[in-house]
Amino acid sequence: MEKKSVMKKITGSREALLAVVLIVLFVIITAINPSFLTPKSLMDMLKNNAVTMVMSLGMLCVMLVGGIDISIMSTLALSGMSIGMLLKYEHISSTFLAFVIAIAIGIVCGAVVGLIISRADVPPIIATMGFMYIYRALGYQVSHGGEWASAAALGNFKNFATTKFLGLNAVIWVIIVCYVFFFWFMKWTRTGRMIYAVGSNPSAAEVSGINVKNIKLLVYTIMGLLAGLGGALQVSVYASAMPDMQYGGEMDVIAACVIGGVSMNGGRGTVIGALLGSLILATIAKALPLIPFFNQLWLNTIKGVIILVVVVMNVILQRIADKNALKGREM
Amino acid sequence: MAGKSGRSINNVPESPVKKMIFSWEGILVLLFIAVNIFCAMFSEYYNLSSLLRQMPVYLAEVFMMLPMAYILVLGEIDISVGAIVCLSATMSCIVCNANAPFIVVVITALGVGTICGAVNGFILTKFQELPPMIVTLATQIIFRGISEIVLGSGGSISASNTDGFRAIGGKIGNVPYILFLVVILSVIFAVILGKSTFGRRVYAIGTNRLTAYYSGVHVQKIRFIIYTIMGTVSGLCALFLVSSSYGANTTTGNGFEMDAIAMAVFGGISSTGGKGNIAGGFISAFIIVCLRVGLGQRNVNAQVILLIIGVLLIAAVALPNIIGNVKKAVSMKKN
Amino acid sequence: MSEYVLELKGITKIFPGVKALNNVQFQLKPGEVHALMGENGAGKSTFIKVITGVHKAEEGEMFLNGQKVDFKGPKDAQAAGIAAVYQHPTSYPHLTVAENIFMGHEIIKNRMIQWKAMNTEANKLLKQLDADFDATAEMGTLSVAQQQMVEIAKAMSTNARIIILDEPTAALTRSESEKLYTLVDKLKADGVSIIFISHRFEDMYRLASRVTVFRDSQYIGTYDVDGITNADLIKAMVGREIKDLFPKPEVKLGDEMLRVENLSRTGYFKDVSFEVRAGEILGLTGLVGAGRTETVEAVCGITQPDSGKVYLEGKEVHIKKPSDAMEKGIILLPEDRQKEGLIMSWGLGRNVTLPTISKYAKSGINDEKTERDLAKKLLEEVDTKAVDIFQPASSLSGGNQQKVVVAKALSQEMKVVIMDEPTKGVDVGAKAEIYAIMGDLAKKGYAIILISSEMPEILGMADRIVVMCNGHKTGELNRGEATQERILELAMEKGHTGGAE
Amino acid sequence: ADKAGDGQKIALVGKSAGNAFFEIAAKAFKETAEAEGATVDVVYPEAATADAQIKVLDNLISQQPDAICISANDVNALQAKLEEAMDAGIKVSSFDSAPNKDSRQVFVNQAGTQAVGQALMDAVLDISGGEGQFAILSATSQSANQNAWIDAMKSIMEGDEKYSKLELVEVAYGDDEPQKSTDQTAALLQNYPDLKVICAPTTVGIAAAAKYLQDNESACKLTGLGLPSEMQEYTGDDDAHSCPYFYLWDMEGLGKLSAYATMALVKGDITGAEDETFTAGDMGEFTITKADDEGTEIVLGEPLQFTPDNVADYAKLY
């Protein structure tokens, strides 16, 4: 009896299915190359994917209300480039201040996107496509048309990404703090549940007195905030700020969420799902170069195939789970 | 027979002329004129002949707008099309270099595109639960990845025999063939979407998929056809792209999906499905082309041009909404 | 202190193009159950939304316990002790039942939502309602009736002194309605005042002491339920007399049209068999969730059955898609007209012709003139209350929307018409009209399957009645032998396992 | 005075905006040409693709400049447009990254392919101590320049006994993205624990690898082609730094030489044929030579070596 309910839980929840997929990936990769499953290798993986992992949380919120944001990497470039230039020209030197400024720029960018979407009813994909161009162009302007801020110019700021705290890299702490906070925020606070409510049924939310427009504004602002944080992390982790950084990277963030079971129609998705989704992508990125079988030329194709297989597998597993659930229904 | 209560229901539509003037397409026509006047004043090189000369590269993207409009009307999106262009262009160059007759090259380009489109369609109809965005993202990576594999190191191929490509890149007088083709295809796509039963069903699916299904519309068949045609047209685009570069490389067609979507959306085709028509997309495509050519001729920074397009895109959707909201508020007050 | 807990005077509400309420008034006494009745589109739901602050009235004032109030939004109304269950379920399908109940007034301690406490509270409420599901269930997996219960629990959870129920019984069967009645009685005993909207007369007689009638956005009058006859009330509502609510014509039955044999779909229904003949109206009834909708959807190819056979005119048919069904002459008028029946933002004309456009297209291009003429003819045939064929379906009231759905089925020659709850939420006038259309169709030789949870309707219209329970067919009754008791007995037969015994 | 570029209108087409590395050459190009009386427009395509450069070229042909100097995003794809430009009487020169021989009149090569290959190979030999495993971390598998250099390295390695104890274990590609380059560097270290040297002939790759190696205090060292400003932090002879020395060419010189070559082309001093000579201002005399692709080129010189001693000075420049 006990066993059955555990099985049921696994087949009944998307997150559990994903965890299974992730474990299978881990096992296969480790079997091929045992050096994958070492603490150092895993820490590297987390640190190198910090930006995507953190930003998936924002995308989770945005997608929960049925939206999408493809302007995030432009926001990241704008905020990252801005602090890069500020540090380079020694307008600021404090790491803390740099983070605050990057996040503030992100918040402003996100809030503008949110205002356009919530107040002028522009479909999210259009609005954020526009801002993708706009913020990227602003990023270039900030960089004086193409200057880079490189390691030597970043002073102490770059040390953030190499600092350790209680044995863990500071960047990994940022990931942990973000995930713990969002886990609490989405599950245990009223505002978090309102985001779900708006995504699940906007007109019902309106009727029950939730300010739908403000919630939409809020999620894009959160997204902006995390994009700003992502900008600071990016510059810090790679000790370099370029105006074209993370060009096209928004798709990875969206893919992480979708793989993590976040519905593109809103209402469905969890922090755990976003975590698993971005971990799966991070694992693929980390593991592909470790696997000796194929030519380097094939890496992209294989990455695409794996993404496709993962999402299709998920659908098939879900179908099987649904079918089993129906079989169990007494008649 | 009239109803029991003898109530009669009007079925005479209002005059189409009146509707046209106040429509978004009407505004777009005005905007088209305004952009052209602006460009002519802004750039001394801007004239009909320079426009006709520069247009073909852009027109290849206008092709993509046509089936993309269908996909947007369905309420879906296809972001793999740029990669399909890349793969078709690559394959057609390879076939060309094997000394195949040009007709075989054409068939290869269209065929590869069609197959890629059909792959998208197949996955999306077999696994309807999957959002098109994620599926086409994966196939985008795969299609471009395959061209990378095929092109090998170097990542670039040039067509050894360019006669055929030169021929389709030709002109009648000043007017390139591709312009005629764009116009003809636009008319065909517009008529099918606006006037045919197929088009009506596409709108039905885009507005309420469930009702369409219950009403006997072949939802999955239509989706499959549209994604496949999207692929075919991408192949066509590839063909004309090669005719302006005599070759292909791993970045061919990069970002075309966004350009095609931008043109369609600026033309009033909502990304949420069920709204808009080809005419709007067609005019907006030419507005964007003229603007890019005009600004480009004065060497305006490419990023600034994108910024302007970004602003236009948002304004095009936001302004009517804002005006509508204000109007509503005013009329409420009056009552 | 006023004699009324709630009083509204001179309310006018204008939507762009429609005056939904025109100078209406309303008084609610403490502890009374007050029915609000009227045709579809009379403005009842709008009136409710004005009370709860969802809509802002252009004119008029509202008094709560004699005090003038002015609600800025639903929150204010909630705070003032008014709770409403709206007509169209306002639930969150992805959230749990407990969350749905407590949305907006979650149990919070230390800025944290107290999930345990909320689940316990919610389960307490559900127990009072005799609900058979848990508070941790996901709302979207519940049936319409179960969702309705959650909505009621939600209203109760706010400890409101005034509870408004907008057509709560529309989706309920009789026995479930009984549960609701008991509940309302209990609330009334606790001194709660209740406003109750319904198109069912039995609800009103069973519950209400007074009834207010609206017609065409106007206030017609308020009557004591004991003091007004049925006929007078109908007249007040529809403005004319209705002589025969169930105009069941005598039709000579023709050949067998559709036969279903041992149809099964895992988890939904098992071994369902029935047949229907030309000119016959077959009633299909049972409790909500009995699997009626699923059965007919499988017949029409919307879903695929796991086993079983379907015969049309004696020949076995394989139906994979709804379009197959339509080609062969079977059409389903779906249960949820807003989501499955109509494209709400489209004009009526296009809605009507959607299934058949290809029939009168010339080489794929629509013949719009013919299409418009056909739409006009069909919409007039079912007597739709509409100005022109271009107005969006969303601008019609529920009953008239249902007529448009019926018109869709008439747009082509059909052999079998399956109507799933065609009169759900439809006013008595429009109901009579839909029954009349049904009768006409039967006369023309159509085979009709009528799914309904409304006993009088089934008894009044059906030639033969098939009863389902928990995915099984539990019995079949002829018109002569059917009684409410007999049907209920079959519908509640528990533990039935196919025809094995 | 008869200036070299009097009244000439020249357009300089870059690979994409936002490339600090290119900016330096462009700036030098512009200053040099304008000092000689020419006007220069620096134009960037909207993305680093050949498609986007085709649109830019179309625009330029409408403006009829005297010359276009381009750094090509693809060897072949610009042929049709550049031929059209040449047919319209516009001179076409190129630098940094060449279009194929039919698409250009002359190419200013920053450093000969052989010279780059030789320098990198010798650096690997030196840093590894003469033996052991080394790997290459390149840009994309399709980058023409990088592939040419890697091929040159391979042939040099085979051609000389002294490299026989070196083993090239893998050529990895980081796609010029910091994230991917970091993953690739980590993977190289994980797969080949005895790896002695990584050679990254690409600016983004070398910086990412340098950071990874340095942060992890890896015994594996690094060399390649990089920007001094990006690499300053990582350059040093001690264990605390990951890169003893690296190379790049003189970007300013490249810009300058390209400017002179382009102006000479417009003036008719050269046509781009082999063995022609011209004077590039204070840089002295240059001869046009045959390029690897059978076209012609002007070679700027040997790659510049950046060592811990000079990297700080160069970092101020680029």
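Lettered A, B, C and D in written order, each chain numbered from 1.
The rule we apply is simple: a residue touches a chain if its C-beta (ideal position, glycine included) is under 8 Å from a C-beta of that chain, and two chains touch if they have at least 3 such contacts.
A quick note: this is a predicted structure, and the numbers were derived from the prediction, not measured.
Q: Could you tell me which chains make contact with chain B and chain D both?
A: The common neighbours are A.
Q: Of the other chains, whose C-alpha centre is the longest way from the centre of chain C?
A: Between chain C and every other chain, the largest centroid distance is to D.
Q: Express in whole angstrom the distance between the two chain centres, defined as the mean CA positions of chain A and chain B.
A: That pair's centroid distance is 30 Å.
Q: In whole angstrom, how far does the Cα centroid of chain B sit from the Cα centroid of chain C?
A: Those two chain centres are 43 Å apart.
Q: Quick one: chain A and chain D, Cα centre-to-centre, how many Å?
A: Those two chain centres are 35 Å apart.
Q: Cα centroid separation between chain C and chain D, in whole Å?
A: The mean C-alpha positions of chain C and chain D differ by 73 Å.
Q: Enumerate the residues of chain D that touch no fewer than two other chains.
A: Residues 17, 141 of chain D touch two or more partner chains.
Q: Multi-chain contacts only, two chains or more: what residues does chain B have there?
A: Counting only residues that touch two or more other chains, chain B contributes 148, 152-153, 301, 303, 306.
Q: Return the residues of chain A touching two or more other chains; collapse runs of consecutive numbers into ranges.
A: 140, 145, 297, 299
Q: Please list, in label order, each pair of chains that touches.
A: In this structure, the chains touch in these pairs: A-B, A-C, A-D, B-C, B-D.
Q: What part of chain D is in contact with chain A in the complex they form?
A: Interface residues on the chain D side: 16-20, 22-23, 141, 171-173, 178-180, 182-184, 186-188, 190-191, 207-208, 211, 215, 227, 229-230, 232-234, 315.
Q: Please name which positions on chain A make contact with chain C in the complex.
A: For this pair, the touching residues of chain A are 184, 187-190, 193, 196-197, 199-201, 203-210, 267-268, 323, 325-327, 329, 331.
Q: In the complex of these two chains, what residues of chain B are touching chain C?
A: Chain B reaches chain C through residues 1-5, 7-14, 191-192, 195-198, 200-201, 204, 207-208, 210-218, 274, 328, 331-332, 335.
Q: Please output the residues of chain D touching chain B within their complex, sorted ascending.
A: Interface residues on chain D, with respect to chain B: 11, 17, 41, 43-52, 54-56, 58-59, 61-63, 73-81, 100, 140-144, 147.
Q: Using the touch rule from the top, collect the residues of chain C that touch chain B in their complex.
A: So the residues of chain C touching chain B come out as 14, 16, 58, 302, 321-323, 325-327, 332, 334, 339-346, 348-350, 354-355, 357-358, 361, 364-366, 372-373, 375-377, 379-390, 408, 433, 436.
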